[in-house]
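Here chain A shows up in two complexes: once beside chain B, once beside chain C.
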Partner chain A sequence: MPTQRQDLDPQWAWQTYTPDEARPWTLKWAGHLYRRAAFAANWSQLQQALKEGPVKTVDRLLQGSGEQQAFAAQMDALAASIAKTNNATHMRAWWLACLIRTPHPLLEKMTLFWHNHFATSNAKVNNVAYMLQQNQTLRRFALGSFADMLHAISKDPAMMVWLDTNLNKKGKPNENYARELMELFSLGIGNYTEQDIREAARAFTGWEIRNGQFHFNRAEHDDGDKTVFGRTGRWQGEDVVRFCLEHPACPRFLARKLFRYFVSETLEPPAELLEPLAQQLRKSNYAIGETVRMILTSNIFYSPQAYRGRIKSPVEFAVGLIRALEGQPNAVALANALDNIGQRLFYPPSVKGWDGGPAWLNPTTLLARNNLAHALTSGEDPQFGSRCDPVRLVGKYGRQNDEQILDFFLDLFLQGDVGVESRHRLADYLRQSEHFRWPAYWSEQDRREHRIRALCYLVLSQPEYQLD
Partner chain B sequence: MLNRRQFLQTSLVGSSLVALQGFGPGFLARTALAAPTADSPGAKDTILVVIQLTGGNDGLNTVVPFKDPLYGKYRPTLKLPEAQLRKINDELALHPSMTGLAELLQDGALCIVQGVGYPNPSQSHFRSMDIWHAASTKEHLSEGWLGKALHRLPSASAFHVAMPNEPNWLALQGGPFKVPALTSLDDLQFRLPAATSADQRAQREVVENAVKRPADNPLLNFVQQTALNTYENTRRLREIGRNYQPKFPYPQNGLGNRLRLVAQLIEANLGARIYYVSLDGFDTHASQANTHANLLLELSSAVTAFFRDMAARGHRDRLLVMTFSEFGRRVQENGSRGTDHGTAAPMFLIGGRVRPGIVGEHPSLEKLEFGNLKHHTDFRQVYAAVLEKWLGIPSAPILDGTFQPLDIFRS
Partner chain C sequence: MLRLGRAMVSLVAVLALALGAQAAEPLALVPQEADFVIALRRPGETVDLAMNVLRDQRLQALPQLQEALEQVPVRRFLQLVRYAERELGKPWRQLVDELSGDGIILAGKYGPQPSPILLIVQGRDAALMSRAMVLFAEVLEQELGRRDLPNDRRVHERGGLKVTQIGQAYFAVVGKAFLLSNRLEVFDYVAPLAHGQVERSLARSAKWRAAQGSLPEAALVWAWFDLRPPKQLKEVQQALELPGDAFVLHLLFGRYLDVFKRSDFVTAYVLADSTHATLTIHAPAGWNGSGLAACAQMPAGGKGAIRPPLQVPGAVYSSSFYFDPAAFLGQRGKLLTDKQRQAFEEFDKNSAKFLLGTRFSELVLGLGSRHRLVVAQPDRKTYGQDKPATIPSFALVLELKDPDRLGPKLAAIFRGAALLVTFKTRLELVEEEQGGVKLVGYRFADTEANRAVQNGVLFNFSPCFAQVGDQLVLCSTLSLGRLLVAELQREQAKPEAMPHRLFADVFSWEGLVEVLRSNEEQLVVQFMLERVQSREAAEKQAETVLELFRSLGRVELRWISEEHHSRLEVELKPQR
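On to the complex of A and B.
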């Protein structure tokens, strides 16, 4: 076992993890990788990852599968028709359908990261076409260049409405976008002055939306000298974005956010630990895919500090569960259920996004999570039916007796990593329930299927399942 | 059953992660944090129950200026006969349906604020409702006054006790968490895939025992602690659902049922300080008399039962019920024995600590504005009083400006 100090040694932390006897590549780590990079693995993905090892699996996750292009074309066409109807519920269901069915889950996982980073809410934008356009932009750059993305998002119509760029006029500057660009999108508080923001806001004057697209209105642009980060010139918005990207705080800021998303929410990483990650961002000119590869193959990613060091977001909880069960539930019903658990896609609570971590969980949301797991797997819910049926899955993978079925669910959802007492209690339930007096009209098959579904629910209600 | 404080203590014992609970937007059982401590300044456990009268309540036939000759002139068919009215004083009376509220007035538990509205009133249901909900007349409204209030009540939760398919009102939006909408106590229970009661017991045991042993991982401990609170709360709610005997009979109507559910939630001490319920049907454009009488009967009987039940359980002085509607109705009745959309109207405040009686004059029937009553009290003055004097939080950031709190509480 690596010691605490070794884990936090920056050089060791970011070297590529090579499985050995002390730290073998096991089901536990395959499940961990799939949870963080792909919401969750289904059974065959777990087995394949176990066989191929970390590096090859990460490659595959970064690459996506060959079906991605056809899938994207199909979802784009669907998005275009939803944009025409301006139906926000369908928009939320659309993204959930992408998340559940995508052949490239890491791309969606990163799109979700950027949705939280550039948190824009349709509560103010009130335009489904704009929101979908932004979502496609985030996806286009999700594993690409953050530098290109920051330029693109600055001219994104949904963002321009959300942060009032379109109201920013010469002589009447609106500082909203300039401030959040620095505070939340690239540098973090403490790395700029109020003067920088005021001057930067002037550089963005004249940025407008015309016919649903970015338009530069020279007449409304203040083309006087501005001083931003000590550099004086007749700067335009693009210059300010470039200065932010060149600012030494930017790669550090981004490295910290990526660390929290992929590695740990509980470990507050010291600056030295993040430095190699920031360097990678700097020297690659913000190539996100390469940076994500560095994280997902690193020693620290496969360390006790990272393991179960996050709380699943509602989307991660639901999408992971559904992907593991190879289900295809009604996405509109799912979108509504997620509202009650605290994550309404396309409606983050503020420009800071969702707080995440322990803030996701309280007695009401925990109750709603468990009730969603029940609705999805029990076959009794009028909206979800049995489109996520554990019985079908057990049959597909040929599990026969109680013991095999218990091991299957524990391995699938928790990679077998629960306390021995929990396992006993689950096994006890199976033993006891063999002798329950079931309704007289139930067939042998009814009894068997009921016990499988109940067991699946009981495994999902284990507290470990809330952790990512 | 444990009392409130005992529960708080037991649920905290051995928990090293109580501090983490503070991160969470709690609703159901931020119980621990919601416990009032009399010696900490600003800490209170007062409760606000907002009743929305949807559709635009006819204020003129709710609080009636029966002595004003113009009243009969404007309401040739809808005028309420003087003999049946519940007199407040020599000039004003409550609608004949409102026996219960008339009694609460006698008991010193009803405050009536007259002539409430806002400048340049909108007569669109949706726009005007949004203005009341957001406490703002800005063009774009996306956050509600109660949602914003919840940000400043970090330990409190809220419930919307709703009718099926009732919208998620703007008033409750923009808070630190989504205010849960309930239609029954079952909405706060675990749904287990159990087929028989033995099956249910066995499953519940597996679920609840899984969180009892402290874990090494602090995050896992946090999940377990949250789960323990949840299980404890659902257990108490099951007991209350089974054993709740109202101390005063509730009427058999929709609002009565919803307020009975609010009473059960209050009795369960879940740390909620804001409850929201609504009563629909006030858009009485035609044949108003019977409809309106029935609605006011439902309102008055339900609120009276609720208040008396709560008072008998010791909540009299921590309870405030506030009614509002998006607007009043036109002074001159229309040709269909109904009334069209209007403006200013009265609000009711019920509770053990309200200043009983009438606040403000009845708006003049002489000086109308486009046929509508002119408001003299901004609804945000009522909100300001509720926020500052009742919930104990500053009102200016929530109301988008400074409003003088109206004098509606006993000093």
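On to the complex of A and C.
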């Protein structure tokens, strides 16, 4: 077994994980990979991953399935309809439907990552078409080039409204975009000066929206000399974006964010640990897919420091649960339910995005998560009905007796990652419920189905299930 | 001794059953202390009507209904029904008749929670009812048990009645009736009635007798509410006080407040058959004796009649109502406090500055009392096909007392207001002549700025106005404006009135279908997202829903004010 020190050794950390006797490829690691890269695995996916091993599974997750193109076409058409009607609830439901049904979950997981990175809220933008256009831009570059994405997002109409680029005029520069470009999107605090921001803001003057698209208005552009990061010239916005990408802090900044998203949000990685990841970004000209592959196949990703080192966001919690159950719930109802748990897609609380980590959980949100799990799995909620039915799943995979069913749920949702005491308690429920005085009008099948649904809910209510 | 005691209790119980058996009318078991009663007179008939609705093929075609019927609680309910059939040995429909054939009543008192509630289910077979109660107790006990709620069974004796308690539910069988309450004390009041002391029942009380006459025998469902207790509340008395802080409430809802103030009770009932249903709400106060609160909304001496609601193609909602703002203004000395009156006088004095020299009060005093409101989705051609209308058109048609004097003044004010708007956005003036009437309208210019406002929401509007005789039309679109001018011209040729009505509203489901059609894409997307289905399936579903809505026909509302009573009628008229 590797020691903690070994895990933090940069060379060892980023080497490709090769299963061996000391660190075998088990259901635990297959589940871990799927949680981080695809929200969660269903039972077939877990079995396939076990058979194929980590590298092949990561390849498959990066490629997505062949159905992706048809799925994207279908969802794009639906997005176009929603854009026309400007219905924000439908917009949120649409993305949830994408997250739940996508044949390329890693692409959606990364789109969600970029949504939080380039956090833009419809509360200010107030234009569904712009928000959907941004979402599609994020998806297009999600596993592609960060450099291209940063250029594209700078001219994205939703972002231009959100950070007032469209109000940035010659003589009256607005610094909002220039500041966030450096602070939150590419470099981080401490890598630029206030003077850099003021000068960069002048470079973005004359950037406007016309007919729903980016438009450069030469008349409103400040064409004078500007000095940004010590470089002087008649720079335009594109030049400032390029300078940010060329800045040595940029790959380090991005590497840290990707580390937090995929590896651990509790471990504060030292600079030397992140350096190989930053180098990968630099040498690949910010190829995100390759960097994500490096993370998902690395030793550190399959280390105790990474395991359950994150708290699931509400979207990860709900989408993971539904994907594992192979459910197809009402996406509009789900969008509304998620509002109560603290994550409203397309409405991040600020330009910094959601705080994440422990901030996701408090007694109220935990209760709301459990209530949502109950609503989805009990078959008794009028909005969700039986579209995520644990009974159907147990039947599909041929689990018959109580022990098989308990093992199935524990393996599916927690990959057996539950304490002995908790397992006993769950088994006790099954034993005791055999002797409950059930209503006399219930059939044998009612009693069995109720016990299966109740057990599924109890497993989903385990504290471990909140961890990613 | 113990044996004797048991025998006595049994004797009392048997006597109670025998005595209770005489009371076939469930109201006889409602204590006179009750503040409200809601009754289902013929449950069997109601169930048949509901089943007929559910059997409708259009409803059956809805996947939502199919899914709802497959849900766990629905499946369990159906199992419970089958279980009851098995245990009681009769088909469910027969059980409905034999266990509740003489009606179901819910009675209660207002007050802090948990305020007492009593449910009475009046059957036709005492032995069957006793067996049903045993079954009910068993199921309740098991249901509470599986939900981990207290389900201990206790038996109480209350005035000779054997009352069973399970959890927070108290119940007993009295003859052919099953009684269920949330409070044990309720049975202290029920017991004498069960023993034949019917003079203490609500059915014999003066307050009930006053209301009884307003409830027709044929009513399927009826309700009675005693209005005296809420009127004793300080907050309610304050709200009803004039002059007082709630003058806006009186301006808008004066007729209802006045009727409420003068009525001791209100009753409601539903008359229904397979072709239509009417809900009537009745109060024992009419135009005779109406008070200050109703001065703007009820004509003095019962005189005055509204005009018929305007019917134009694509109408969703059309309302005709009596509202005399001049009367309110005339009584402002009594209706408003000194402070309110001063504020109004100040506003009125300054209003001439922005109303081109005319005071607000002058405009109000020039208005008549019979006005109309229309919401419709007519065909619109004002803007291009690329700007479909998603918001329905709406119009207010006001009656003018002195049209020749007030009409031109109002026209000048509207033109001035439009001029002010042009400083903010580009508007184009449109003037049309229609049978000698000038329709003055404004179109939003097709500019980048106008297109940018909320995804082109401005193109749902082309505000306009016109004067047809003593009728002033203020309308959100030229399309509806043209239809209304034509309709008013037709009406002038053959005027009609609706006496005793203070308002008459017509809601058309067909009109709503037209509104939904203009937003059909939203409906289709909603169904696609809700049910994870293809566009084709969602379009088919949308079509089914719209067809179902269309079949609902019309809903008509009218407020009728007679000399000594008022009633609100809501009539559902489905399409044949």
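We adopt the following convention: the second predicted complex is superposed on the first by the 468 of 468 C-alpha atoms of A that agree within 3 Å, B and C clash if a C-alpha of one lies under 4 Å from a C-alpha of the other, contacts with A are read in each partner's own complex, and residues count from 1 in each chain.
Keep in mind that, in the parts below, a contact is a pair of C-beta atoms (placed from the backbone, for glycine too) under 8 Å apart; a residue touches a chain by one contact, two chains touch by 3 or more.
These numbers were taken from a predicted model, which means no experiment stands behind them.
*Asks:* Both complexes share chain A, so when I overlay them there, do chain B and chain C fit or clash?
*Replies:* Taken together on chain A, chain C would clash with chain B, as the superposition shows.
*Asks:* Comparing chain B against chain C, which has contacts with more of the residues in chain A?
*Replies:* In the superposed model, B touches more residues of chain A.
*Asks:* Would you sort A:G31 into first (chain B), second (chain C), both or neither based on which partner it touches?
*Replies:* Touch status of A:G31: no partner.
*Asks:* If you stack the two complexes on chain A, which partner ends up touching A:G309: first (chain B), second (chain C), both, or neither?
*Replies:* The first partner, chain B, only.
*Asks:* Which partner chains sit in contact with A:S378 here, chain B, chain C, both or neither? Use first/second/both/neither.
*Replies:* So A:S378 meets both chain B and chain C here.
*Asks:* I'd like to know which partner A:Y457 touches here: chain B for first, chain C for second, both or neither.
*Replies:* In the superposed model, A:Y457 contacts chain B only, not chain C.
*Asks:* Could you look at A:P390 and tell me whether it touches chain B, chain C, both or neither (first, second, both, neither)?
*Replies:* neither
*Asks:* Touch check for A:T364: first (chain B), second (chain C), both, or neither?
*Replies:* First partner only, chain B.
*Asks:* Once the shared chain is lined up, is A:A331 touching chain B (first), chain C (second), both, or neither of them?
*Replies:* second
*Asks:* Is A:R437 in contact with chain B, with chain C, with both, or with neither (first, second, both, neither)?
*Replies:* A:R437 contacts both chain B and chain C.
*Asks:* Can you list the residues of chain A that meet both chain B and chain C?
*Replies:* In chain A, residues 378, 380, 436-439, 442 are touched by chain B and also by chain C.
*Asks:* Within their complex, state which residues of chain A touch chain C.
*Replies:* 77-78, 81-82, 84-87, 90, 93-94, 97, 101, 126-129, 210-211, 328, 330-333, 378-380, 382, 385-386, 436-443, 446
*Asks:* For the complex, give me every residue of chain A touching chain B.
*Replies:* Interface residues on chain A, with respect to chain B: 123-124, 265-266, 308-311, 339-340, 342, 344, 349, 355, 357-364, 366-367, 370-371, 374-375, 377-378, 380, 419, 421-422, 425-426, 428-429, 432-433, 436-439, 442, 450, 453-454, 457-458, 461-464, 466-467.
*Asks:* Could you please specify the touching residues of chain B with respect to chain A in the complex?
*Replies:* Residues 20-21, 23-30, 140, 142, 157, 173, 176-178, 180, 188, 190-196, 198-199, 202-203, 205-207, 209-211, 213, 215, 217-220, 222-224, 226-227, 229-230, 233-234.
*Asks:* Provide the residue numbers of chain C that touch chain A in the complex, in ascending order.
*Replies:* Residue list for chain C touching chain A: 67-68, 70-73, 76, 79-80, 82-84, 138-139, 142-143, 145-146, 390, 448, 454-455, 519, 521-522, 524-526, 528-532, 535.
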